[in-house]
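Here subunit A shows up in two complexes: once beside subunit B, once beside subunit C.
Right, the complex of A and B next:
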């Protein structure tokens, strides 16, 4: 999966599409399997990136890899009360309004109002938090200032991000990353969480979940949620019923900015453990190394030996994700230092300085049309904390290449930049004119079929290998056929 | 209704219902096989109820099971008065811990509207049953001391007579009413056990300790899917 952050307009259509399909039930009312955050900001749940308090992901001393929350030795003393468990206050208390009061209120001098009531208790509440409370930097003195990624910045850089004339923000849409080394799976005492071999989707067996709640602190992205009504954890299922019928997940499909790309990748799972032990700034390269070239005959041979269907190898070869991640090296994992190897990659946003005010005069900060990535409004260190585990080289590479593509396209379409200059910019960014055109095409003009290359899951054949359809005649479906209710 | 029903028949009814319903519920309604945690809704007081209660009851229940399985070991431990005293005080301390925990659990579930929202009638039923059990247990320990010894000599033979399908209530018929209430209440809890949240005891996740870290499940046969490749 790739999300192109420069294209995200922060409209939350993805979140609403997901909510309408999956989480409009009691107990899931506060969950947003897909949410869109404003960065800088504290996000949802509040300050989820602060692993000192939430204890998500893995830690390593270079030799061992251990869950930060409840490793095997720590689960026994903590099973009755999980010390790192977030509570509803860390998200928000879901509410609705007493709309009937608008009609039933007795006649009086005042207009009747619809008061907010909690969807948990039904009692009146004062709304103090919501799913995107700090949207578009609202309350930035409280929220954006406390962004965990600003911890490493010096006073000047912090001041720069908060200075009103330089204020910059971008949107960060988040879903479950369907990690290669998922800490939620590793933390589940019941073994209810698992990674599906055929497509890598991380799922949670509702019949096996016993409400030990270990997955919730363990996931550093806080993308497993506790359903307070059924006592089960729930998470993004990457709309697998849609994928199995060849459709993109609802959030991908509905994306207005067309920022989302999905396809499959071939990877070497045997390397996960060894590479997860590397220092933070080497992890981006390590993860790229794990992803294999689907055109390499040796890789194809090994994939076939491991039972990978030809159709799946074919889609891996056409994968837009592979291009962004490996060929162009534009896409980067979010917080790779959590060591879960997230499989959702972000093309980092360019935030160039266009102008600033000097007294009453607004003047251009840079002479060049597209500016300089070093002078971007968000300090490069800030983006580095989010996307490269502190490795600024990888980040500069991705930003410089994006900038070079813009310079090149400006030369092609407008022509006010000389060819020599455009080519020099491309060469400096390790890019060719052909690659630049392809990056442009896949970023700006990509159709459904370019963005969503969905492998054939062969579900109709695969199911026969596990269950005899004749045994299920006159029954509706194969899986759980009971409503997800406790009684 | 007489002693024979309460002490000779009820245990069989309880165990029968327990086995039948726990197995049936696991097979038909695995979804409900857990305890509905409310830590997510109320995280401040949760620790002070859940933790003392669970550690307390684990030790106390473990003591009862030990007395049932190896009464002779308990008796030979108890020959030295100091050792008997240590056992009694330990048992009582953990029983009090259980009571404190249980009281905190009940108060918390009454006090916080969000916790109250996920508390069912069945939960209150089982809390009251446990409260009676813990209070009578502590009362017995205080009033009729040295229970670890007389449990091993009188109650254990009676329990074994039940196991052997020749119930002999003469071991415990002369016991004080308080002890009988404690015993009968225990079997009533066992009777309702399969219908309540207590089933979570049966699904303690011990395989976690020796399973592989990551779980991967293939929903197809990897060899066959290759054969079907075009």
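Right, the complex of A and C next:
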């Protein structure tokens, strides 16, 4: 999966699509399997990136990889309660309005109002928080100021990010990352969470979940949620029923900015442990190394030996994700330092400085049309903390290449930049004119089929990868998932 | 000494009973099985005798009744030995009619509450200590007890003239030993529970003892001294204490120590330790608060509400 952040307009259509399809039931009302955050901001749940509080993800001393939230010794004292869980207040108390009051109110001097009522208790509440409470930097003095990613910035950079007229923000849509090394799966004591063998979707078996809630602190992205009505955890299922019928997940499908790309990748799972032990700033490269080239004959042969179907290899070769991630090295994982190896990659936003006001005068900050990434409004250290585990080189590479593509396209379409200059910019950004055109085409003009290259799921064959259906032929009945019950 | 003495006395009753031609149900058991026919004969005769005797006042007393009196009554009453916790019962059957006595034995509290003047008189003589209702008392047994009082009063020297207690002067060492026993720092020889688990006593360390039973600070005064208190402690007759101390009687040296400690408490001038309840509650609250502070320090890095903290700190 790739989300192209430069294209996100923060319309929350994805969130609403997901909510309507999956989480409009009682107990799931506070869940947003897909949510869109404004950065800088504290997100949803509040300050989810603050792992000192929430204890998500993995930690390593270079030799061992351990969950931050739990261990064999910690599980005994915390057996009935995982302390590092977001409370209802950290998410938000879901509410609706008493709409009938608008119609049933007795006649009076005032307009009737629909007061907010909690969807949990049914009582009147004063709404104090919501899933996008700090949207578009609202309450930035409270929320944006406490963005964990600003920790490494100096006072000047912080002031710059908060300065009136120079405010910079961008949107960060988030869904479950369907990680390669999912800490939620590792933490689950009842084995309810699993990463589906054939496609890597991380799922939560509702029949096996025993409400230990270990997954909730363990997931550093806070993308498993506890359903207070059923007493089971739930999470994004990447709309697998849609994927299995060849459709993109609802949030991908409905994306107005067309920022989302989905396809499959071939990767070497045996390397996960070894690579997860590397220092933070090497993790982006480590994850790229784990993703294999689907055109490499050796990889194809190995995949076939492991029972990967030809159709899956074919879509992997056409994968837009592979191009963004490995060929162009534009896409970066979010918070790779949590060591879960998220499989959702973000193309970082460019946020160039165009102009600023001084008094009544608007003036260009830079001589060049597209400016300089070093002078971008969001300090590069800030983005580095989010996307590259502090490795600014990887981030600069991705930003510079995006900038070069713009310069190149300006030369092609408008022509007010000389060819030499455009080519020099491309060369500096390690990019060829052909690649630049392709980046442009996949970023700006991509059709539905370009963005969503969905492998043939072929469930009947996928099952064969894990177990032999002939073993089950004589022991399964027909029609029902569970043994029939007599009432 | 008291214990051993008591044991000997109880054994002697066998002989006494024979002399008095008492009904001997207990000795029957001593016959070997092969003499079973004799036992049956004997029982038959006895059965006849007793049925004849029911109507007229008996001049024999069964061994059970004697044992019952020794166990339940003798710690407060003597027959011809003077007052202990309760009045000397010698001649009680002459002072009051048998019916009244039986009624009082069965339900002392009830008779007192009915406003019976004689009952009130003996209550005031006993400093307001009400005779406890005896465990296992019924009409038949009460009648037997009245009979026992009558028979024993008629003897020149009753078997219940009172136990012999060491009356040597109480020393500081006795007080110390008594306190230690009271608090349970020293165990009772026969495994009785420490007094402090149910009772409080003025001047003792800590919270002064338990609150389940009455405060014993004034017990020495209420029971009118050493002799009565010693007798009481020999086999505590109250309904609560009797089952607890059954088979765990106190040794005479232990009783001496306890009496010394209780006398000392009574004479110390400290009132009953009513404040101990308050100090107990206050200490409890203090301790709980202290623990909370300790836990708060220990788990100071625990998870707290993130959003609220963030909003409040801004």
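In this text, the second predicted complex is superposed on the first by the 459 of 487 C-alpha atoms of A that agree within 3 Å, B and C clash if a C-alpha of one lies under 4 Å from a C-alpha of the other, contacts with A are read in each partner's own complex, and residues count from 1 in each chain.
We take it that contacts are C-beta pairs under 8 Å (C-beta built on N, C-alpha and C of every residue); 3 or more make two chains touch, one makes a residue touch a chain.
Here the structure is a predicted model, which is why all the values come from computation and not from measurement.
When the two complexes are overlaid on their common chain A, residue A:129 makes contact with subunit C while staying clear of subunit B.
Judged by the touch definition given at the top, the superposed model places A:470 against neither subunit B nor subunit C.
When the two structures are aligned on the shared chain, A:141 is found in touch with subunit C, with no touch to subunit B.
When the two structures are aligned on the shared chain, A:85 is found in touch with subunit B and with subunit C.
Once the two complexes are laid over each other on the shared chain, residue contacts for A:209 go to subunit B alone; subunit C is not touched. More residues of subunit A lie in contact with B than with the other chain of the pair subunit B and subunit C. Of the two partner chains placed by superposition, only subunit C is touched by A:47; subunit B is not. Across the two superposed structures, the residue set of subunit A contacted by subunit B and also by subunit C is 85-87, 89. Those residues of subunit C that touch subunit A in the complex are listed here as 302-303, 305-308, 310-311, 314. The part of subunit B that touches subunit A in the complex is made up of residues 29-43, 46-47, 50-51, 54-55, 113-114, 116-118, 120, 200, 203, 205, 207-209, 211, 213-226, 228-230. Residue ranges of subunit A in contact with subunit B, taken from their complex: 72, 75, 80-82, 85-89, 118, 120-121, 123, 181-182, 185-186, 188-191, 193-198, 206-213, 216, 226, 228-232, 304, 306-311, 458, 461-462, 465-466, 480, 482, 484-487.
Those residues of subunit A whose C-beta lies close enough to touch subunit C in the complex are 42, 45-47, 50, 53-54, 83-87, 89-90, 128-129, 141-143, 145-146.
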